[in-house]
Each structure stands twice: as C-alpha cells, then as structure tokens.
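You will see two complexes here that share chain A, one where it goes with chain B and one where it goes with chain C.
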Partner chain A sequence: MSAVLADMPETVAPATSKAIAPSKGGRPWTFYVLATLFGLYVIALYGPMFCIYILSFQDIRGGLVFPMKGHSLHWFVDLFTQVRTGDVKGSFDRSIKLAVIVTVITVVVSFLAGLGFRKRFRGDTFVFYMMIGSLVAPGLVLGLGTGLLFQALGLNASWYSSALGAQLSWTLPFGVLVMFAVMSRFDHVWEEAAYDLGASRWQSIRLVMIPVLAPGLVAVALFGFTLSYDEFARSLQTAGSLNTLPLEIWSMTLNVTSPSLYALGTVTTIVSFIVIGASLGSIVLIQKKRGSQAKG
Partner chain B sequence: MKNDRGDIELAGVCKSFDGATYVVDGVNLRIADGAYCCFIGPSGCGKTTILRMIAGHEDPTAGEIVIGGQNVVGLAPVQRRTAMMFQSYALFPHLTVRENIAFALRVRGMSKTDRLRAADAMIEKVRLTQFADRLPAQLSGGQQQRVALARAAITEPRVLLLDEPLSALDEQLRVQMRQELRRMQQELGITFIHVTHTQLEAIALADLVVVMEQGKIKQAGAARDVYAHPHDRYVAEFMGGQNVLSGRVEKVNGASFTLAQVAPDGIEVPLQARPTVSVGDKVDIAVRRDDVALVRPGRDLPPGYTTSLPSRVLAIEYQGYFVKVMLDTVPDDEFVAYVPEKTFFADPFTVGDVVMATWATGSALPLA
Partner chain C sequence: MQPSSSSAQAPSRSNLAGWLYVSPLVLVLVPFFVAPILVVLAASFFATDGFGGLTPGFTLASYVEVLHSALTLKLYLATIKFTVLTWVFTLIIGFFVAYFLVFHVRNQLLAIGLFLLCTVPFWTSNIIRMISWIPLLGKEGLINQALLAMGVIHQPLEVLLFSDLAVVIAYVHQLTIFMIVPIFNSMARIDKKLIEAAIDAGASRFDIMRLIVVPMSKSGIALGTIFVVSIVMGDFFVVKVMSGGGSASVVSAFYEDVGVLQYPTAAASAVLLTLVLVAIVSLILRTVDIRQEITR
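Presenting the complex of A and B:
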C-alpha cells in the first residue's frame, strides 16, 4: 500500500499541449471541430429546402431534378393560373383563415389556463396532464377518430369544424406549455400591488398582466399559427371535401409533375417568414416603445 | 363618513394558514395616529403576516383590526385607506416612473392630464423629476424605493405599510433612505408601519418598537425602553447591546438581591421593576455592554462598582469610537464589553489577558 503511494508522484502525467487552452489569443482546436459540426447541421437543416426554392425558379423547360434549366417565374404564374395544379388559391385562403381562428382560440385559452394555474388547486396535476395528454396521441389516429366521431354524430366534416377541433388538440397543449413558461416570469407581487392601489381584477389583467406578458403572448400566437398552417396528419381525415394547403401540396405530389410544386413550396415558405417576421417585429416594437418612452 | 384618523388597534388577531399552526397568535396592540411603528423579529415570527393583514392582503383567522375606529376586516386596501410598499417594490416594469405613480389614479378613472399632473407633483416631492420618464429597470435601488413610496403615497392613505423597505439596499444607502422615510412620514403626517429584522433600523426610526417571536408580541414600547429595559432574555439578546447572565438567587436584601455567580461575593442586583424574588429562584439579568468596565486584577474598582468577575480576553475588535472586547466571564453566555476607544488605548489589553469585568450595581437589570 505504502509502496504504491510512494510511486504515485512518478505516475502523474505532466500537463500536455492537448489541454484545452487558447494559445496566443487564437482559438482552441475544439472550436474548429464544433464549428464544422454546426456547419453540417445547418446544411442538413436548410439544404433540402434550398433545393426546392432554387428549382422553383426554372423556366418552362424545367423538370423535377437538378440541373437547373434557365431562370424565370413561369411556375409561379402556372401555380395560380392552371386548373390542373388544383385549387391552390382556395386552399391557401382556407389555411390562412383556419390558422387565424386557431391562433385566436389558442392564445385566449392558453392565457386563461395560465391564469388558472397561478395557484395550486386540488387535482391541478391531473387537470394539467389531461390538457397536454393529447400530444402523445398519433396525429393521424386522432384525426381519424375526429372524423369518425363527426360521422357518428351525423355532422359534416369540414375545415372550419372538425379540422379546427383536430388542430386545437395539437395547438392548445403546446400553447399551454409555452404559456406556463411565460407565466413563470410574471411576479405575483405585481398583481398584489395593483390590487393594493385599487385596481379591479379586470384592470389588473388589462393594465398590468397583459402588457407585461405581451411578448410571451405573441410567442404563443406564433406557435398556434405555424402549427396550424403546417398541420397535416390531423387535418387529413377531418378537412372534409375542401383541402387545406398542406393537404393540397400532398395531393399535388401525387399528380403534379412540374416545378409548380416547388413554386408552391417557395410561396408557403415566404408566407411563413412574413408571419414570423411580423411576430418578432411586434415584440421588438413593444420593447422599443418602452425604451423610447423611457428615454423621453 | 370619511375620517383621516390612522390609529390602529389589533384585538386578539390570529392567523393560521393550515388550521393547525398559528403564524400570528393572539396579538393585541394599539398604535397611535401618526406614529412610526416598527415590527421587528427574526424571519418567520409573523411580523410580515401582521402587516399584510393590516394592509388587507390576508384576512385574520380571528380577531379585529380597527383603523380610525372602524373594523376593517374584509375591506379592500382602498376602502381601508392603507397603502403598502412591497419588499421588492413591485414597480410595474412596463410603465415609466410617472405612469407607475399615476397608476392608482388611473384605475380610479381620473383623466390623463389630471393624473399626470398629480403624479408630477408627487415626483417632485420625492425628488425624481429628472427620472420621470424612465422605466423602473433603469433606476438605482434608492430611486426605485422613492418611486414605490410615491406610488403608495399618492392614494392619500391614512396608514402606510412598509415591508422590509430597506433590505434591498446596500449599507450606506440604507442609512440615507432611512432618514428619507422618516422625513416623508413627518411630511405626510400619517401612520407608518415598518417591518424589519434590523435592530438599528427599528430603534433609529420608530416611536413604537414591537418585538415579536413566534407569532406573539414579546415587548412593545418606545425605542429606548425596549433597548435599555428589555423585559426578558429574548428581547435583550435580540435587541443586542446587553450581556445576559443567569444564576440562582442567594439572598434577598430589601430592594436588591444577590445572584450566586462566579464572582466571589455574587452579583448584587437591584429589584427595579421586578416585583419579588425568593431565594433559590433562577433569574436572568442583563448588563449593558457599554456599562461594563475592565480593570486589571489588583487595581481598585471605580467608586460604586461592587461586582467584579475575573475574565480572560478572548478576542478584540476595533469598532472606531469603541473597542469590542469579548470575554469568557460566564461559562455558557457571550459576555462583551464595549470600551470607549480612548480608555482602551490608554492601557490596551491583548488576547489572553486576565481582567476584572465590573459594573455599577445599579446598572444590572433583572429580567422576567
């Protein structure tokens, strides 16, 4: 035992140059490894999308695969004028309307759930799991079930009834989870201060809670909108006779063999970016407004 | 009927959150109109709960809270005409200083120009005019506190409740803001109730100091009363500045008694407020740390000093105008002498020296 201990100092390895330390202000080698890894991740994430966007700008000779044949907006025009590509404009309309309705309901219900869960109550854990449980159900099965239920009740499936319900089963649990994260940053003492200064319940929600939580509410809205606008699995069996946009794209992949399909992909992406841009813009605006007031 | 009297009476106030343990346990107290009252005690003693009950943020489980002659239990803060300043100030982060202060007027439906004019007048009172358009996050701790004070004061309350208002500030600012609180209280002429766990803060500010322990009031009185004449060991130790000794009564001699102690002749203690003692009773006494003089063994005691306890110096801390000398005078309790700086350095002791700790007979105080 003591012999082993006596040997110890000699077995200790000297510090090597492999130790992670910047040399002369340069970056350590690990930086380049991690940067390469991140680069590959970004390519895997955006590469496929960019293939679609690039191919959508071909001219009339264009096909479904590389190489690129000419540049034009031909397929975008084709998309909105040709009947054979399907009802793109109508489905786009429906998808936007549906997404707006879903967003409004998601924001209102999530906010109310957030208010309800500020304090613990009997059975709160059970209620919470009941609310988010439907996230576990496979979307396709849930959509199928919704369709069947409507049939059994003798109701017609349509995008604004059954599909709306099926989509809410997806957006509400998400909205509630995001809302809880947002609410955790709201200090209960602000409400108490408002009450102390004579504000009614409604005044304290309107003048304190909503303004303070506004950026978070925009985030919930953005979630609701994009989840609905993209939603496929739950809408498939519930949209009835008129398609939403993702369903329309899906049916196009089955029967359209032109870059119109890609043009549609580009258009929907642009719409998504506009929505995201508007949301982030409004958050920045809210914060800027506070900042400029502050500068006065 | 509107009255501006801010006198408060707590009658048998109890509070239990779980129905089994009482956080506040039968508190009776009278606070005069326009008084500065400090509740002091360790955390969990119920002082903040009492404040919140007076404010109307908690309802008492039992008892009455009377403000200006009216039982206010069940009324909202605005109806009570109380206002609270929260520990972390609870300023609304999305509103400017001016809007924060005008908030109470806004929810009452006052027009924008009127309420901003009123807010500006209040802002001037707390000297924040140049910060009126800033957000709370852009202010220092002291400025935030003034905003919180102004926001509470604009409701023209008859009682202002302050929950550890100085605890978020650093030492220097705390002393400065302490004076400002007192100035505001005198300017507004209303009752202030201030919760703190800092003894110095309480005795510096309060007309009425209320010492609490485990939901009960241990002693309530003027600052000097509580500091110089503590009722019992708890108050003496909590308020500080006292050495507490205990021992058995050896003999009773008229207006004084002798406590058996390490001192050869025991300790002579005047009865003072304590009604009686009998031989064999276990009694606690307090001696102020600044009343203790240290004399080298063999030297004469100052005139009037009868008790002298041999001690060894354990540690010495220089405190500026006095020197804190820690001694092993009594086996289980801390014993400290505050020696004036000039006296100490005329003949300085070092750690390990043997000294006689002595005090004038009249300065020993028997405790309940």
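Presenting the complex of A and C:
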C-alpha cells in the first residue's frame, strides 16, 4: 500500500493510461466474474467486523451471537466501569502513549535510513537483511528473547522500555520499506538544485526533502501508529506487569464471554479508523494543495 | 538505488555517511532483534531446574528432547498444513483481486479507492478481526442459522468454529492483503503497451495471462509468499483461539512451554523453527532479488 500512497501524485493528475485491451465498448466476461470475486472479498473482509460492531450495542440480555437482544450502550459502560474485565482504561491509555512514541521514533529513524539506503555503502546488504529478518522472525520468539535479555541484565520489563523496543523491531522494517517506495519516486534533481543554490545538507533536508516527501512520511506515521497500537505477539513477554490494549483484549478473549468484548472491539476500531482517516485525509489534502499551487 | 559515481570516487566518505544515516536503525535492531535471537539461541543450550531457573552451560538435551518427541513431528505437520492451505487461498484471491484492480478497473482514481478499501482493515486490530468470526461461524451463528432456515442441514454444523477450518478462514481473512499489495505493485508496473502488442499479435486472453501477467508478477508473488508463510508459521493466537484449543502449531506449543517455564525446550524449538523459516525464505529469495525489487 505504501507505493500506492506514494503513487498518488501521478494518479491525481488526469488519468491518461487506460485499462488494457477491451477499452472499446463492452466489458469482457472476465470482468463480471472478477468483479463478483472482488465484491465477495470485500464483503468477507468487512462483514464479520460489522457484525461485532452491531452486536456490541445490545442491552444487558445480549449474547455473543445474533439475533440482537435490544439496543443500548450497556456494554460500553460495563467495559469502562467493571473491574472484572480488567484495566481497560489504563491499558487504552498506555497503548495510545506507546503508539505515539513508536510513531515519532519510526518516522525519524525510517526517514534517516531511507536517506542512507539511497547510496550503496559497505555493509548495506547486511543491514537490509537484518531488517528483513526482524520483520519475518516469529514475534513471540523475539519477545521472549527480549524478556529474557532484560531479566539477565537485571532490568524490569515495562511497556515503555522492553515493549517499546520490541515494537520498534516490528514497525521500523515496515517504515523503512515504505520509505524505499517513497524515495524511489523522489527526483534527485531537486536536491541537487538545492545544493547548487548553496543549501547545506541540513537545509536541503529540511527545506526540500521533508516538504516534498511529506505524504510519504504521513504514510510511515500511519504504519508506525497502527502497527504499534495493535501489536500483540512481541509485547506479550515484554510489557511487564501493565498490559497494553491488545494484551487486554487477548486476556478477554480467553475469559470474557459477554458483548463487552465486542464493545472493546468497536472502541479500538473507532480509534483505528480515526487515525487512518486523518492520515489518508492529510495525504489527499497535501496533494490537492500541491496540485492547486502547481496550476496557480 | 544504483551505486552512484561519487561512491566510487570517495568510498570511505560515502560509507561513513551511509552508516551515519542507518545507525539509529542499527541501534534499535541490534538490542531488540539480534540480541534476543542470540539469547534464545543461548537459552536452548542451557539446563533448567524446571521452575524457570536457567543454568548456564552447554547441553544438547533440549534439542534431543524436541527432536525425539513424536509431538514435534505432529506440530510441524499441522503448521505446514495451515501454511500451505493459507498460502494457496491467499495467493488465488490476492492474485485475482490485484488483477481485477489493475487490468479491469478503468478509472485509476477508482482503482486506488478500491485498493485502499482492501487495505484499511490491515490497519485495525488483528485480534478483533479474528473474534469477529464468532457471531458468524458459531454453533448458533449466522451461517448455521441460515443453513437451518433453508433446510440444508437439520443439526447445526459444529465444524465451523473452533476447528481447523476456522483457523484457515481467519488466516486467509487477515493475510490476503499481504498478497494483494505486492502483486498489485508488480502488476501496476507492467507496461500496458506490451499487452496491446500481444493482442495485436493474436494472443488470447489466456496467453496474455500465462506469458505476460504471471511471469511479470512473480516478484510480487514471492514477496507476498514470504509475508504469508512467515506470519502463519510464527503465529500462535489464531491457532489457539480459532481452533478452540483443538489444534496446535509449533509456536503455540512454544507458548505453552513458556507458560510452564520450560525455557530451554521452548528455545530449542524456536531455534529449529527459525532455521526452517530461514531455509524457506532464502529459497524464495533465490528466485527474486527483493532488495532490487523494493527499491526500484
């Protein structure tokens, strides 16, 4: 999705390229077959999610399956007031804070790494494969290793130290991969022009690269925030005594059999949708502003 | 990402700059990816008192135990079964969804919009998306209700939820996006003129698919495969929740081992799994240079 977000400048401009061959007149039969497949895929993708959003609005008689039993906000109130469901409020708080920290670090570190990988340097392949390794390694195993490491060093595992690092080992590879896609569309002529006009390296980064790459950096931030906010496997052994939200959800799936589980799902998805909407919205806004400036 | 001419002239300076830019990345990956892996590797050779205490030393006892256990083979077979099934379904769905978006949707802005529609759930919680199948697949779920109402079945189907079927459904639901994105990317790079030329030369729709689209999407398929295989093989919570405890995979057994503080056996099994994973990923990497692919 990264490359597509980065592609948007070209595509917001009048689309010149057309779909292949059957551009004259009617659609081939394959269109209808594939359109049906696509429709079914989207329904299967969103359908179940919407089921639990709907079911979370039942009243006190509500169960885990349809049909709906009344409608109320009972389970949302229950979620934030009941003690037996655990510390939802506290974990929600921690998850947001952690996600913000992870986002900031991910954007800065990925941006710098993206700059570094533009030119070959001795050992770059090693760093690249280390990053790929960090991406594909089983999260639970890495989490356990981090937990044992902290234990061996006599440090306390907590969400802002060991879990932060464990999550970064997951968000940074994604961030750098997105930066690759973004950078490959960056025209080096602009940077050279800045140097020719006497800009320092820092000035060219601050005044040329960051503004030009802004939409890509927003995409990196989107990945950083959402991947951290939903991260589970790597946090399990590293978060210490205080849970993050996904860990709280995990323990609820094992012992809560009321719609408050669904209510929590609805709440966390609303947060995700707000973040996604804000990110995509600001990318589109930046592109639009740019488009109108270019025309004006 | 071509080696620039300046790096040939001043290799040491460009090496230094490159390392400076990637140093923050390395400073995160070394303590939170390399070190944890080494800790797990070390722990696999340690002896244990059975209560979580580790005695530094060198013994292959854990490996002997893991390799001699009949359970290990069963776990690997189960994991491979889930991996292959998930890979086949995500590949088929992912390939045709990407194909539809690239070659059948004529309006580019619409294609981007539909693509984002597919990617939005990726940025929401995996656990929530997984439990959202409960109201559908459960014994009193929507699917059973519908089938009973239509008179297709007279007893509710019990194999829908808490079964291997449910595990595969949850995997395909979560991971198809990892196929769609890279395949979409490589398909979008296919020059449409190539396909027009093929049509002019008398190629059939099937020929185009077989001789142009599939070969040129190979790198996307390879990347998607790496994601899907490594995630399924490293997963434990989908297996644990969706099978209702009835099935286990290598990592879910690892999770149980950690739960009862059997660190060395867990570590030995993790090391073996990592070796298998590295072997699979490097086999895939032999068919495609992903670094070139990603940074191009």
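We take it that the second predicted complex is superposed on the first by the 262 of 296 C-alpha atoms of A that agree within 3 Å, B and C clash if a C-alpha of one lies under 4 Å from a C-alpha of the other, contacts with A are read in each partner's own complex, and residues count from 1 in each chain.
The criterion applied here is as follows: a contact is a pair of C-beta atoms (placed from the backbone, for glycine too) under 8 Å apart; a residue touches a chain by one contact, two chains touch by 3 or more.
No experiment lies behind these values; they were computed from the predicted model shown.
For the composite obtained by superposing both complexes on chain A, the positions of chain B and chain C are free of clash and fit together. In the superposition on chain A, A:G198 makes contact with chain B only, while chain C stays out of contact range.
In the superposition on chain A, A:L207 makes contact with chain B only, not with chain C.
The partner of chain A that touches more of its residues, comparing chain B with chain C, is C. Applying the stated contact rule after C-alpha superposition, one finds that A:R290 touches chain B and leaves chain C untouched. Contacts of A:A166 after superposition on the shared chain: chain C is touched, whereas chain B is not.
After overlaying the two complexes on the shared chain, residue contacts for A:V189 are found with chain B alone; chain C is out of touch.
In the superposition on chain A, contact is made by A:V108 with chain C only, not with chain B. Measuring only between alpha carbons, the smallest separation of chain B from chain C in this overlay is 6 Å.
Within chain A, not a single residue is touched by chain B in the first complex and by chain C in the second. Residue ranges on chain B touching chain A, taken from their complex, read 55-57, 76-78, 83-84, 86, 88, 90-94, 96, 103-104, 106-108, 132-135, 138, 151-152, 155.
Only residues 187, 189-190, 192-200, 203, 207-208, 211-212, 290, 293-296 of chain A touch chain B when the two sit together in their complex. The part of chain A that touches chain C in the complex is made up of residues 1, 3-4, 7-8, 11-12, 15, 17-21, 23, 27-28, 30-31, 34-35, 37-38, 41-42, 44-49, 51-52, 55, 64-66, 105, 108-110, 112-113, 115-125, 127-128, 130-146, 148-149, 152, 165-166, 168-169, 172, 176-177, 180-181, 183-184, 222-223, 226, 229-230, 232-233, 237, 246, 249-250, 253, 261-262, 264-265, 268-269, 272-273, 275-276, 280. Across the complex, chain C meets chain A through its residues 1, 3-4, 6-7, 11, 14-15, 17-22, 24-26, 28-29, 31-40, 43, 93, 96-97, 99-101, 103-109, 112, 114-129, 131-136, 138, 140-142, 145, 173, 176, 181, 184-185, 188, 192, 195-196, 199, 205, 226-227, 230, 233-237, 241, 251, 254-255, 258, 263, 266-267, 270, 273-274, 277, 281, 290-291, 294-296.
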